[in-house]
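Got some structures for you, see below.
Each of the two complexes below includes subunit A, the first together with subunit B, the second together with subunit C.
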Partner chain A sequence: MRNYLVKRILYSIIIAWGILTVTFILLRVGPSSPVDRYILNIAARGQDIESVKQAIEARYGLDKPIYQQYFDYMGNLLQGNWGWSFSSSVPVMDLIGSHWIYSFQLILLSTIVAILLGIGLGILSAVKQNTRFDYAASIFSFIGISIPGFWLGLMLIMVFGVHLGWFKTYYDTSYPIWSLENLRQLILPVITLSIGELAGYVRYTRSSMLDNMRKEFVTTARAKGLPERVVIGKHVLSNAMLPLVTIIMFDLGSVVFGGAYLTEIVFGIPGLGQVSFNAIFANDYAVVVAVTLIGTFLVLFINLATDILYTYIDPRIRYD
Partner chain B sequence: MSSAILEVENLNTWFYTRRGIVKAVNGMNYSLYAGECLCLVGESGCGKSVSALSLLRLFDSPPGKIVQGRVLYNGTDLVACSPDRLRAVRGKDIAMVFQNAQSALNPVFTVGDQMMEQIKAHDGLDRNDVLTKAKMLLEEMRIPGAARALKMYPHQMSGGMKQRAMIAMSLSCDPKILIADEPTTSVDVTIRAQIMHILKDLKARRNMSIIFITHDLSLVSEIGDRAAVVYAGKVVETATVTNIMNNPSHPYTSGLISCLPDISSGMKRLPSIPGNTPNPLNMPAGCPFHPRCSKAMEICRRVEPGLVHIADDHTVACHLYGPGAGGSR
Partner chain C sequence: MTESKIPVGKRARLSVYFNKRLAQYYWERLQKNKLSLAGMGFIIFLMLLGIFGPFFTQDPTYSDFNLANIPPLGFSRQESVYDIKTNEFITTVIEGRPDHPLGTDSKGRDMLAMLISGARISLLVGLIATGIAVFIGVVIGVLSAYLGGWVDNVLMRFTDIMMTFPFFLLLVLIVFLFGPSLAIIVLVIGLTGWTGAARLIRSEALSLRTRDFITASRALGASDGRIMFNHLIPNVASLIIVMSTLSIPGVIMSEAALSFIGLGDPMRTSWGTILNAGQHTLDTAWWVAVEPGIMLFLTVLSFNFFGDGLRDAFDPQASI
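Moving on to the complex of A and B:
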């Protein structure tokens, strides 16, 4: 188990390094320079563009060959220096430090909602197979899977924000992060971000439950005189959860990278998605690389956690 | 023999499938007496397993349904009683041992956990007593290192151990009746001998009634007191095992017995019963065995024979013995 863990962590570091390098190169080989934003402002004031640009580039080492810049960046990173954000004029670390909590909160709440509701509805659907409830849950999940998140977000804002006026149409950052007011304004973003996953979990849970309800050990459990609540809640569910854990953990990656960023942009939530969205347009490579790196580590960590979790929930799997 | 502890009366369990109604159990009648081992014998697909599952309503429903009949246990009709009443009987008064312990045990819980949850569900014992009882049962099944075995998952056990753990589990609430559904089909001959030994031992020591389901006549003569021969979802002959083996009366029973290899008769081809078990979707009219029966008469094609007494505790469903058939032996 320990050897396995060490090996997995080493692999994770290599993968993260590869992603970092590719992101860095992609951003730096483009035709525009990170200082272009500055230049536009300076040009408006009527100064000599070229000389100013060269001066700034020299100051940040952007005039050096690209491999030299890469080694400089890597050297700084290893010393814990994440670089400088040109577009925000603050260290990247500070930028991330003040924005990560918004993303974290949104992803956390959406994941909890998706897992609890998705698995709950899935179990009910399986137990009440071929009833009206089951059909309604199926229709709901097909719609949920099919709707693109950003479109749903815009529709929710239009209906509940603009027409009904139940929610603000912009994100108010003045509330404390875990205050009720703040949680209330996260309702629509959480619905938007969780609906796709939730709908998927309903389907997966339902079919996994139905598969396991036909297993022989379920007949054994009934033959032992256990109440139906224990037969379903313990014997069927524990086996049905095995494939679900993989699916849920795998999905988390796509929530982190895809859904959460788009949702933040649609609702104007100042999380890392918003930050990297702005940084990409500003060619602010240090920020983009940093955010990408954090996402990479998160996904790798989730994968590792899934494998470890599996050894606990499925006794047949032990890494030796 | 004492009075019947379980009576199955005209039991009909039908499965409503897309291709038609499968009458897996079609008018089953038998009684189980206290302390005896009754063997249900028949070919694969004759309905013996479904009839056992029907006693505790354990078959998949839908598509299965008991359309008619009674299962009387202690004055309670298990077919008609409430789910709560039935659950109190399941595992407590009537316990089951399944064919394949590998798939009948839940892979993600320890054997101890699976034994103890049953004891907890029926007896109000505290944790320590439950643990002690589970350990004792495993020891009774001669599982080495019972304390360790309790903490084992099914996949960590050998096939024989699993089957014995399964039997230990079924005994955890001291049942009056044990239903063993081909408990030796999925194990090798050595383990089979062990299991048979354990079951015989249990019957003797615990004075338990056993319904032993099998297609293997050698096991019937080893463990059974009485046997019920099942064909096409119903009992065609019941008698003591000695009578069944020495004096088979139904042509199907005699056919089965003549198929047994006999080492003293020298080398010759084993006889077999011609044809196959009837398609359950399309049962022949009259006696379901008549297309394969060498003694079939005109009446067999039209009229289904009922069970008749031909001797003390020997009943047969065959026109050879029917009133006015002139076939008294």
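Moving on to the complex of A and C:
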């Protein structure tokens, strides 16, 4: 187990390094330069564009050859220096430090809602198979899987924000993070972000439960005279959860990168998705590389955690 | 026995890819799933709309500011204009018009024409990008499973890296750097979206590889290429079809999301582009944001229904 862990962690670091390099090269080889955004200002002030451009490039080391910049960046990174954000004029670390909490809160709440409601509805609809409730849950999950999250967000803003006026149409950052007012304005974003995952979990839980309910150990449990509550809640559920863990963990990665990103943009939540989105448009490569790296590490960590979690859920699995 | 003009080898090769009686059997099974048929019907309708629709509608980019924000047929909208002479607000009611059955947007462009143009773009992007992704996925999956050893190792580690890459961030980054054109969008989605397909095909091909009919054909002296093209790939063909159908919605959503955040091809009108404009007029012209979303939702839903139906039709163990 320990050897396996060491191997996996080393492997994760290599992957992260690869992704870091690709992102860096993509950004620095691309046709636009971080200095471009200053040019309009410079021209407006009537200064000589070329000389100012050279001064800025020299100031940030952008005039060195690409490989030199790459090694400088890597060296700084290893020393814990994540670089400087051109567009916000603060160190990248500070920028991320003040914005990560918004993303974290949104993803955390959405994941909790999706898991609790999704698995709950899935169990109910498996137990009540072929009833009206089951059909309703099926229809709901098909709709939830197919509805584009960002469009649902827009529709929620339109109905509950613009027409009914129950919620603000913009995100107010003046509330403390965990205050009730802030949680209240997160209701619509959490619905938007969790609906796809939730619908998926309903389907997977239902089919996984139904699969296991046909197994012989369930008949045995019933024959022993166990109450239905124990049969379903203990015997079936614990076996049905195993494939669900993979799906949930895998989804977490796509939530971090896809859904949360768009949800933040639609609702104007100043999380890392919004930050990296603005950074891409401003060609602020240090921020983009840093956010990509953090996201990558998160996904690698989730993958590793899933594998370790397995050995606890399913004792048959061992890594040697 | 009648003599056939097709050489025996060629005929055999065609028949492994298309068997009329088998197709008939699958079609009969598919027909039992009404939702799947409905999905197929909508997809065909959408294709016809995309191919022939533009001949019957006006230019989707033609804008007439005198006809801005006309509601869909059967709806009406109130507009208040401040009159300087009388110092009063004059409220006029604007009714939907039969020449713009789905209304117009804030620039006076016809919604119907824009939606039809969007259908064309979405289907094009969905089909071509999925085609690229599935092609790469099949090549990598089959090679990896069949050749095994270090080839398998290298290809699978590469797939792991691609899977860890923050997909949507990469998409935004590349499209921003190399300019938002439809070709770039299709290429990037296709070149990054093959990882799931590669893994699925590999695991299926791995189990096929050890089957007796593969061993038998190898014993008869079949070459690696022959085994792969005549025995392995035909046996995963149904999996490929199902997988392609079910991955089209994701591609269509990715394109819509890109266009929605402002990275769509500026020369084309896609559903995401309309949504991008529509999000600013949620209070005055709700239909601009509602209509493309409904189209997007129905398209994704149809592909999901159709793909699910295909999967059940191809699976001999599934009860229909």
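Throughout what follows, the second predicted complex is superposed on the first by the 320 of 320 C-alpha atoms of A that agree within 3 Å, B and C clash if a C-alpha of one lies under 4 Å from a C-alpha of the other, contacts with A are read in each partner's own complex, and residues count from 1 in each chain.
Convention: contacts are C-beta pairs under 8 Å (C-beta built on N, C-alpha and C of every residue); 3 or more make two chains touch, one makes a residue touch a chain.
Just so it is clear, the model here is predicted, and its values are computed rather than measured.
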item: Combined model on subunit A: subunit C and subunit B, fit or clash; value: fit
item: First (subunit B), second (subunit C), both or neither touched by A:314; value: first
item: Subunit B, subunit C and vertex subunit A (Cα centres) - angle in steps of 10°; value: 80
item: Superposed model, subunit A: greater residue contact from subunit B or subunit C; value: C
item: Touched partner set for A:125, first subunit B, second subunit C, both or neither; value: neither
item: Subunit B versus subunit C as contact partner of A:239, first or second or both or neither; value: first
item: Partner chain(s) touched by A:227 [first = subunit B, second = subunit C, both, neither]; value: first
item: Subunit B versus subunit C as contact partner of A:194, first or second or both or neither; value: neither
item: Subunit B versus subunit C as contact partner of A:15, first or second or both or neither; value: second
item: Minimum C-alpha spacing, chains overlaid - subunit B and subunit C, in Å; value: 11
item: Common interface positions of subunit A, toward subunit B and toward subunit C; value: none
item: Touching residues (chain side subunit A, partner subunit B) in the complex; value: 214-217, 219-228, 230, 234-235, 238-239, 242, 313-316
item: Contact footprint of subunit C on subunit A as seen in their complex; value: 15, 18-19, 22-23, 26-27, 30-32, 142-143, 145-148, 150-151, 154-155, 157-158, 162, 254, 256-258, 261-262, 265-266, 276-277, 280-281, 288, 291-292, 295-296, 299-300, 303
item: Subunit A contact footprint on subunit B (complex, rising order); value: 53, 56, 58, 60, 83, 87-92, 95-96, 98, 100, 103-110, 117-118, 121-122, 153, 155, 169, 173
item: Complex contact set, residues of subunit C against subunit A; value: 160-161, 164-169, 172-174, 176-178, 249, 253, 256-257, 260-261, 275, 278-279, 282-283, 286, 289-290, 293, 296-297, 300-301, 304-305
